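Got some structures for you, see below.
What follows is subunit A paired twice: with subunit B in the first complex and subunit C in the second.
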Partner chain A sequence: MSYIWKEWLELSRGKAFWLFFLLVVAASLSVLMSAKSLPAEHGLTIFLQMLFDMNAYIVPLLCLFFASFSVMQEKEQRTMVMIVVKSGPPWMFLWKKSAAIQLITMTVLVIWYFVLIIPAKFLFVFHLSYFLSFLLATMVLVFIFNQIGIWLGFACKTKIQLIGANLFAAFFFIYLYDFALLSVLPSVTYDNVHVFSFVYFLQPLHALRFYLETSLGMFSLDYLSRTMKKFFSFSPGVLVALNIAVWGMGALAASMLWSRKGEER
Partner chain B sequence: MIEVAGLTVSYRNNKVLDDVHLVIQKGERCALVGRNGAGKSTLIHSLLNLLPAASGTVYIDGIDHRRHEWKKKVAYLPEKFQLYPQLTGEENVRFFASLHGAVDEERIEDVLHTVRLWEARHMKSKQYSKGMLQRLGLAIMLYYDADLLILDEPTSGLDPLGRADVLAILRSLPNKTVLLSSHHIDEVRQLCTHVAYLENGKITKYRVEDFELSTLMEGE
Partner chain C sequence: MKRWLLISLFIFFFFDVPKEAAAGQTLQQLIDAAPAHGTIRLTGQTYIGDIVIDKPLTIIGTKGTVIQGSGRGNVISIKAPHVTITHVTVTNSGKSRSTQEEYAGIKVYSDYNTLEHITVKQSFHGIYLSQAHHNRIANVRVIGEQNGEIAGQGNGLHIYYSNFNELEHNTIIGTRDGIFFDYANHNVAKGNEVSHTRYGLHYMYSDDNAFHDNTFMLNNGGAAIMNSNRIVLKNNRFFFNKGMRSFGLLLQMANDNRIIGNTFYQNERGLYIDQSNDNFLQRNVFLQNEIGIELWSSSQRQTFTENRIWKNTIAVARLGGGDRNRWDFRGVGNDWGGEAALLDLNQDGKGDSPFRYASSFHKLAEENELAYLFLSSPSLGVYEAINEWRQTDEVMAVDHAPLVKKTISASWWWGLLGFGAIAVIVPKRRIRR
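On to the complex of A and B.
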């Protein structure tokens, strides 16, 4: 609990966190403004989809920077060694630090989306399950990129390295992954589409978008060609869980290895 | 209190510590002295199990340093620490106190009085001067009331008054085992009972009265 309290005081008294928050607020409001002319019946699904698409560009970058710099500061201010010497092993510090960062970012965003949904409720026909699906997809996005940011914070030795690593990570997930998939697309056939599908959905933005679109009823899995049917044969929930395991837990495991190494010289 | 035997630590094929043996008895105040880059911080980090050793053993109060039971007995102040800049002095102490168990508010008040930061307790630590920050670090150490205090260059970068403040606080701690690294022979003489001189990865331990400054100058 003291970690969460300390993290909250550190963040809430700094400007960076509120700039992060302001950016999300401004972008969300602009999405709401552009969605208000949508028909009430289907407006909510389109609004939530647009909001998620906006989040897919902003949230990963913000979470990467926010989480990684929080860890880098612990290293630079020498507070990490003071904590590790006084309390348990480095992984325990990592665990508590991750929990604090995740809890604070998620809580602030959840509160904001609950505030944002109030005007949306007056504009569109409200479906709680749609809103909860959107929240879940966004929180998974936050979790994965926070965890990757924490790993980068441990792995990098200087702030300049960290900026480069964060930009590369964001570039990798937003563009590079798709470029790589595009290059193999011509050789995808009915026989190997399952493998391609697995790799395609191992990208959290793809898997979460698929999950959200199917949850909102925007993406029908009926009337597909045989190849496309095979492409979409994985359950959206399983794909989301797979991404949490591979990227979120993978980054956590990598951070545990680096958390000790990071203190060496 | 500290027993180091055959400790070897390498960094990129360069042996920073080479088969180091060092014993610091309970109640001793030992200064770790050596040139820049001699391996003083490396030795401290290895003792605290922050750096993996190639070989050797370290026992703190009879406990292997790879276990965690010794942590309650040790307070450590690293070199050039900054603490949490957005937290006040009091909040910083309270957070580090919480790592030690239930927070004792009276004790926080006591230690802040001891280091003369009670009046400045509501200031954010980013507004503290270097000397005040160093005293805040000492307040955290005092709160722990640990048997063994390990300080890495506690007076580095302080003006003469700041140094005097820190030394006065350290002198006022009876019955503590202290290991501190320092470049200032005068403060070593004021504070310490022994000197561990580190050169070329090896350690030689002296009683402070037997330690000659000329030892350091021989290689100049």
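On to the complex of A and C.
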């Protein structure tokens, strides 16, 4: 608990966190303003989907930078050594650090979205299940990119290296991954579409958008061709779990390996 | 005495004496007992159907009035003209698909009827007009099964071989098609709201209809005009019709339609034209759709003029061959927004040179339908830019008179604002000195 408090004090004293958070607030409010003229019956669905689309570009960057710089700061200020000596092996530090970062970023964002939903509740017909689906999708996004950020924080030696790695990670998920998929698209047939679907949805932004849009009843899976039907045969929930396992837990495992390497040195 | 008796009889037969539904009597008995052109006022309770109305009659319900069907047929069958039903909830029609007849909450077989302020639930079709003309259906709410098996649910309003009907301000949610016109001509659909259906509006073999001021949201397809001609669509809103095969408006084997002043916003495809000719599109807004206009080569001679085609991922995707459509009419083209960097040196509101919209997406889409998956991905923009740089993209549309909006750009507004602020602050400081 004291570690979480320490982490919170560090984050809340920095201007950058609040600046980034202000960006999320401003962007969310602009989405609300643009959605307010929608019919009350369907407004919430569309508002949440637009909000997630906006989050998909801002939240990964925010999480990558804060998580990675939080680890880097510990390394640079030598506080990491002190904590490791005090509390046990490096993986224990990693575990505490991950828990603190996840808890703080998730709590701040959840509080904000609960505040944001109050005016939305007056504008649109409210469906709790839709809002919870949105929160879940956003929190999974936060979890995955926080974990990747922590791993990058462990892996990089200098701040410049870390900025480069963060930008590359964001670029990889937003541009590069899809670009690679586009280049193999002509060779995708009915026989191998399952493999293509698996790889396509291994991109967390695709899987989470698919999960949210199907949960909100926005994305129709009716009247699909045979190939498309096979492509969309994975359940959205399974795809989200797969992404948590591969990217979130994968990054955690990679961070552990890295921290052990540090221990051996 | 004889005179008084005659006056009483006259009042009884020709002036409407409202009849309260008495306890112990079924609704059918009340209807049978009522005189022609009489009025029955129902209380806020559940009446058991199914009922048949075979004389001109007015039935007025109130809050809590429910007519519940047997689940084996039509809940209300209207077989006489000039019937009015208002303020009732109709539930539980037959849903069997192994019978010859398709059942509905209200089935109308006659002309000049009025159905207003009615809710239809748990029924196969909501309201079914069968060879019924000059009817008015307004402020009706049909709630379908939503996301059930598509063949297992009927349409919100089903208009079959019926002409000159008015369908206004109805709300339809979660049925197969919102409003389905089958061999139905000269009908007007106005101010309806349709969501969570297969097609919000569906015309088959139905000509000379009009639909305006309707809203279609979150459907598989907003409106589908198939094998139907000379339909006028004005000021409709097609929003958020998403899904791999979704569209705002589909024209398939539909000719000579006039599509004016409609808004297509955030659909998978705004407008989808296949095997259709000679359609006229004017003053429509195509905004932030994945594909603004998808045109198949089987479609020819469409005319696009004064449309605003803005901020779509792909403005125009032409698939399967050459462009045989007109992108300007009588010297007036379309407003392409940021897609077109145009000069207007003579300030006549039109670009000084023709605008050619080019794209390479059609190649991907022709090779593999999975290309549509990447429409919301920023990487598609990079793919388009690379193909533009390699000059491997193709011209999708040529507008000989593209419109240039005469507006002051945002940076100018900021400049003016800054200048204004300085103009206010500087003199004040001087005064203080």
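Throughout what follows, the second predicted complex is superposed on the first by the 259 of 265 C-alpha atoms of A that agree within 3 Å, B and C clash if a C-alpha of one lies under 4 Å from a C-alpha of the other, contacts with A are read in each partner's own complex, and residues count from 1 in each chain.
In this text, contacts are C-beta pairs under 8 Å (C-beta built on N, C-alpha and C of every residue); 3 or more make two chains touch, one makes a residue touch a chain.
Just so it is clear, the structure is predicted and the values come from calculations on it, not from any experiment.
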Original post:
Are subunit B and subunit C a fit on subunit A, or do they clash, once the structures share the same frame?
Top reply: fit
Original post:
Does subunit B (first) or subunit C (second) touch A:F134, or do both, or does neither?
Top reply: neither
Subject >> Contacts of A:Y113 with subunit B and subunit C, given as first, second, both or neither >> reply: neither
**OP:** For A:Y211, decide between first (touching subunit B), second (touching subunit C), both and neither.
**Re:** neither
Original post:
In the superposed arrangement, does A:D178 touch subunit B (first), subunit C (second), both or neither?
Top reply: second
Original post:
For A:Q77, is the partner it touches subunit B (first), subunit C (second), both, or none of the two (neither)?
Top reply: first
Original post:
subunit B or subunit C: which reaches more residues on subunit A?
Top reply: C
Original post:
Hey, in the superposed model, what angle do you get at subunit A between subunit B and subunit C, Cα centres, nearest 10 degrees?
Top reply: 170
Original post:
For A:F47, is the partner it touches subunit B (first), subunit C (second), both, or none of the two (neither)?
Top reply: neither
**OP:** For A:F231, decide between first (touching subunit B), second (touching subunit C), both and neither.
**Re:** second
Subject >> Contacts of A:F65 with subunit B and subunit C, given as first, second, both or neither >> reply: neither
**OP:** Based on the superposed arrangement, let me know which partner A:R13 touches: subunit B (first), subunit C (second), both, or neither?
**Re:** first
**OP:** Quick one: minimum Cα-Cα distance, subunit B versus subunit C, in the superposed arrangement, integer Å.
**Re:** 37
Original post:
Across the complex, what residues on subunit C touch subunit A?
Top reply: 146-147, 150, 173, 193, 195-196, 198, 215, 217-220, 239-240, 242-246, 266, 364, 367-371, 373-374, 376-380, 382-383
Original post:
Tell me, which parts of subunit A touch subunit B in their complex?
Top reply: 2, 5-6, 9-11, 13-14, 76-79, 81-89, 260, 263-265
Subject >> subunit C-touching residues of subunit A, taken from the complex the two chains share >> reply: 38-39, 41-42, 45-46, 174-179, 181-182, 185-186, 188, 193, 196, 200, 209, 213, 217-225, 227-228, 231
Subject >> subunit B residues touching subunit A - in the complex, by the definition given at the top >> reply: 11, 42, 45, 48, 50-52, 68, 71, 74-87, 91, 95-96, 98-100, 124, 140, 144
